[in-house]
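In the two assemblies presented below, chain A is common to both, partnered first by chain B and then by chain C.
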Partner chain A sequence: MFSLALMNGIVIGVIYALSALGVSLVVGIMNVINFAHGELYILAGYFSFIFADALGWNIYVSMAAAVGLVFLFGILIEYSLIRPTYGNDMYSLILTFILSIVLQNAYLLIFGPYPNKPPNWIKGATNVFGQFYYGNQRLAALVAGVIVIAAVFLMLKKTWFGKIIRAASQDREMAELNGVNTKALNMLSFGLGCALAGAAGVILAPVFPVSPTSGVPIALTAFVVVVLGGMGSMWGCVVGGLALGLVENFGAAFISTGYKHIFGFIILILVLAIRPVGLFGRSET
Partner chain B sequence: MKRLTFGICVLFLGLGLVVGATPGVAADTIKVGVVGPRTGTAAATGKAFEEGIKLATGYVNSKGGVLGKNLEIVFEDTAGAPDKAASGFERLATRDKVAMVLGESHSSSALAEIEVANRLKVPFIVAEAWADPITAKNYKYVFRAGPSNSGVVNHTIAKWVAHEKFKKAYIVAENTDWGLGIGKLCEAALAKIGVVYETLETERKSQDHYTELAKIKAFDPDVILAFIYGTGLHYFVAQAGEMKVSPKAVILDGAGPPSLWPDFWKNVGDYGNLECFVSSMHEKVELTELATYFREAYVKEFGVQPTDYKSRSIFDAILIAADAINRAGSTDPDKLVQALENTNLLVTRGTAKFDTTKGGPSYHHWMPPMLVIQWQDKKQVVLYPPEGATGKLKR
Partner chain C sequence: MKNKTFYVTLLPFTALFCLLPLVLDDYKLHVVIVSLFYAMMASSWNLIAGYTGQVSFAHAAFAGIGAYTSGILAVKAGVNPWIGIGIGVVAAAVLGLAVGVLCLRMGGIYLSLTTLGFSEILHIIITNEYEFTRGTMGLQVPGLITHYSKSAYLYIFIAATVITLVVIYRLIHSNIGLNFRAVQNDERAASSLGVNVIGVRVLAFTVSSALAGLAGGLYGHYLLLITPEIPSLNQQFLVLSMTVIGGLGSFVGPIVGAFVLEVLSEYIRAYGEYHVLVFGLVALGMARFFPKGLTGLVQQYKTRQTHVMGEA
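Our next item is the complex of A and B:
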């Protein structure tokens, strides 16, 4: 039981971290909380399902196309909905909340109430050290999740765009004074945040099929991870995601399966009581 | 400015007269409300209800309607949330002035709705919410023309477990009124027939069941009684297959419809083979002529065979309601209650008759017969009851 809880905690934790990265990026740069994050995750899952299942495309091409489309959709959202609200964070919060409800209902109208699942990349299960069987698709999701997270970190560390993002998240006005086009930066950052939600969606859709409302728990978990790790901190997302995944799985294994998600909230309350800015968050003062 | 104000007042007065005149138009129909989840995690039930409503209103109106008028159904989406369910029910009663309300699929929602039904004195026929307290509260205006937890456990599940000679069972119950209620009843029934069991709770919206399945595997049961509704059941079946818990342990989907949803096979893959489920409908077993009518009308209307049996549950509930209104000769709530208590109507699942014995969940309850069916190479095979069996359990 211990080894399964550990392994599953890591896998689920990486998935949580991946879904939270997009939220964290957008919060860090734009100070916008995207309430429709879960619905963008679902949108990528639906696109992947349409391309791979209905149109018969190669699954990897379908996944890439789905993430690309969600990126473009994100840019459209930023341009049409978020941009007019700059200077009033509450409006963007309300707008993205409304968007999430609109998208949920649109999915229901278009795709119906039943869940949809793109094909597995890999079938079957692997016997882990003779202890338990573990689904190969989950292992593949773990590998893909680690690759995407590593790619995001490399992009932030090594590329020109990454350096601008880091500069803007530290001091937006100074970045602007140094010639950074913050309008374009916001647009690209929001698109990237949505694309990360989409990446999580296409990686996970074969494991957890998407349905109109299945983005809600994903978004909620992503927000918990972001707050736990510290608003806007990328490392906080990874550590927070892993911590949440492990706490939930060990709690379910050794205390109660019926209240698995409660353990995550208890940890969140404890961390915030001791360190109100989260594990890796920076204090404003 | 005064002119504008006067103009607006006249406009609103005019609108008021038009709205005030509406009941004359509405008087051409008798309204009956339906409550159910059209959005949320169990939105599939709302879809099934809408299909049943379409067929039932067509059927009733083609036979002369109710009290010489057309039957009109007003749907309220409950989204599976008790607060929305209660306010939706209240809207139907106060805004739409419905003669009675039918439907519901979530026990938690139904438990909120029966309080409104009782307070506002609106007859309510629960179609598919199974928790015992819904009828065990013995409310005058509350009826149930569908399965109850105790009915399904005592008449079907426990008897099937004994019939298959299972020795060890694992109960997995989602933490809802339905799941926890049916889990407890199963514990008592299994203890009575000498079956060793263990139980665990799972979260209603849980997607990942690996830790639960590790515990189940350690117990090594012959059968898993899975009381999980919706997509969660698909996750559970697929993950049980991945972890090699099934098919060694047979899974029984204690709710039924999720194993019949069109995407079941896509979501669970080969792991769905040999899964069992409880259902009131089978593709080859039809209890009455009306069941055959329903199937043919369904195929004609929607171009496919019916799958989710909840479309048939609401069909039956509407027929029972229409029959009661016609026999009562009015929409007076007390006369409707009296008519419902005297119901003796052949519907798709047999003859509907409400028990009037007070003191338990059988009060105002008609329990339709249920079957245990197993998927064998994507074909439905009836396992229980023996008189309706079309094959034997495969492991």
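Our next item is the complex of A and C:
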């Protein structure tokens, strides 16, 4: 029971970290929270389901296509909804919240209330450390999640684009003075944030099938992770995501399954009461 | 609007609403009652969102607290619903104060995230504590009056709406209200002039939560069935859309929005379950292109008219 909860916690924690990275990236650069994050996660799940199941594409091709489409959709959202609200944080909160409800209802209309599931990448189960059998698909999701997170970190640390992102999230005006095109940067980073939600979606959809509202708990947890780790902090996302994944699964295993998702919010409230800037956050002036 | 004009405008409207049972059938009265509930919800949400610029997603949750507090007290302890609603309002105010103190010093995004989390916690508790709340089945509660009649409930809701509107009006037109707008316009400037920014926000949040508790309590005892739908995010979304479509930050806006959307949804309902999607799209378009809502549009039109007249 203990090791199984540990394993589940790590797998789901990595996915939380991945979707929180997308939120954190956008918060760090634009100071905007995308409340439709969970719906983009679901959108990628649906796309990969359509491409792989209904159209019969190769599963990896469908996953890449799904993430690509969600990236484009994110750019469209930024261009049409977020850009006019610069300087007024309240409207971006309201707009993305409305967008999330619109998308949920659109999914309900198009796909119906039933869960949909893209095919597994691999079959079978592996015996982990001689303790228990664990689904190969979940292990693959873990590996894929780690790879994507590593790629994001590499991009942030090693590439020119990553440098610009870090510069803009440290001091936006200074970056602008140094010739960063912040409009284009906003658009790209918002798209990237959405693509990360999409990546989490395609990775997790074979394990947890997608339904119109199943993105809500994922997004809420991602928000909790972002606050826990400190807004805009990338390492905070990884540590916070793992911590939350473990707490939830141990809580579900040893305390109550019905209250699985409540532990995260209790952590959120504790963080706000004790250390509002989060684990890795910088307190602003 | 000066104090006098406000009361002079409120009075005939109240009288007009009191006469409605003479002309409307029970179904239409029901639509009016539900609209009044939403007018209370949207107006009190507007107090925090429109006047202090803090987007709370827990307004429906506070309505749920009002409803469930008085509902559970009535069912489990036989408390009179009127007293129960009073206790519900106090419970909503206390929780509102707690949430407010906890996250309003951070403000902005933190408040939105925490209130979203708060409303989700409440939802989880309600669906899990089946013995107290009957979960998704809904809690059957006694009515406010012994003989159920739509017109009696209409009068109760009119009274409550008037109380809500007067409280909000008095608040935003007092010195404190001046502080509200100062805080919204420029937080730093306001605080440098000695305005207690956090205190103002916490006060607005507490009052707005208490008013939501009142609306929720009455609504629960009107429907006679309290379900987790009252404190749901969908409900929150409706309240938000009504305010945005009517006009965020304007006094009449939320009331207009509540009536327009509730009446409209009764018409759309005939065409199936599209109404949430339609509302969403309308609200999205409004928030994007006309952030001042319907009342803003009317005002724009009026000023244009006077401009034209001025030129002629």
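Assume the second predicted complex is superposed on the first by the 285 of 285 C-alpha atoms of A that agree within 3 Å, B and C clash if a C-alpha of one lies under 4 Å from a C-alpha of the other, contacts with A are read in each partner's own complex, and residues count from 1 in each chain.
Operating definition for what follows: a contact is a pair of C-beta atoms (placed from the backbone, for glycine too) under 8 Å apart; a residue touches a chain by one contact, two chains touch by 3 or more.
Remember, it's a predicted structure, so these values are computed and weren't measured experimentally.
Aligning the two structures on chain A places chain B and chain C in a clash. Looking at the shared chain after the overlay, A:Y134 reaches chain B, while chain C stays out of its contact range.
By the touch criterion stated above, A:F153 is placed in contact with neither chain B nor chain C. Of the two partner chains, chain B and chain C are each touched by A:N105. In the superposition on chain A, A:Y79 contacts neither chain B nor chain C. Judged by the touch definition given at the top, the superposed model places A:G258 against both chain B and chain C.
When the shared chain is aligned, chain B comes close enough to touch A:N249, but chain C does not. By the touch criterion defined above, A:W235 reaches neither chain B nor chain C.
Aligning on the C-alpha atoms of chain A brings chain B into conflict with chain C at a single listed stretch, 81-89, out of 9-17, 27-35, 81-89 or 261-269.
Comparing the two interfaces of chain A, the one with chain B and the one with chain C have residues 105, 256, 258-259, 261 in common. Within the complex, the chain C residues that touch chain A are 49, 53-55, 57, 102-103, 105-106, 108-110, 112-114, 116-118, 120-121, 124-125, 127-128, 233-234, 237, 240-241, 244, 248, 274, 276-277, 280-281, 283-284, 287-288, 291.
Within the complex, the chain B residues that touch chain A are 39-44, 46-47, 175, 200-203, 205-208, 210-212, 214-215, 217-218, 231, 234-235, 239, 242-244, 261-263, 266-267, 269. Taken together, the chain A residues at the contact with chain C in this complex read 27, 31, 33, 35, 80-81, 84, 89-91, 93-95, 97-99, 101-102, 105-106, 109, 216, 220, 223-224, 226-227, 231, 256, 258-259, 261-262, 264-266, 268-269, 272-273, 276.
Taken together, the chain A residues at the contact with chain B in this complex read 1, 4-5, 8, 12, 53, 104-105, 108, 112-117, 120, 123, 125, 132-135, 138, 208-209, 211-214, 217, 249, 252-253, 256-261.
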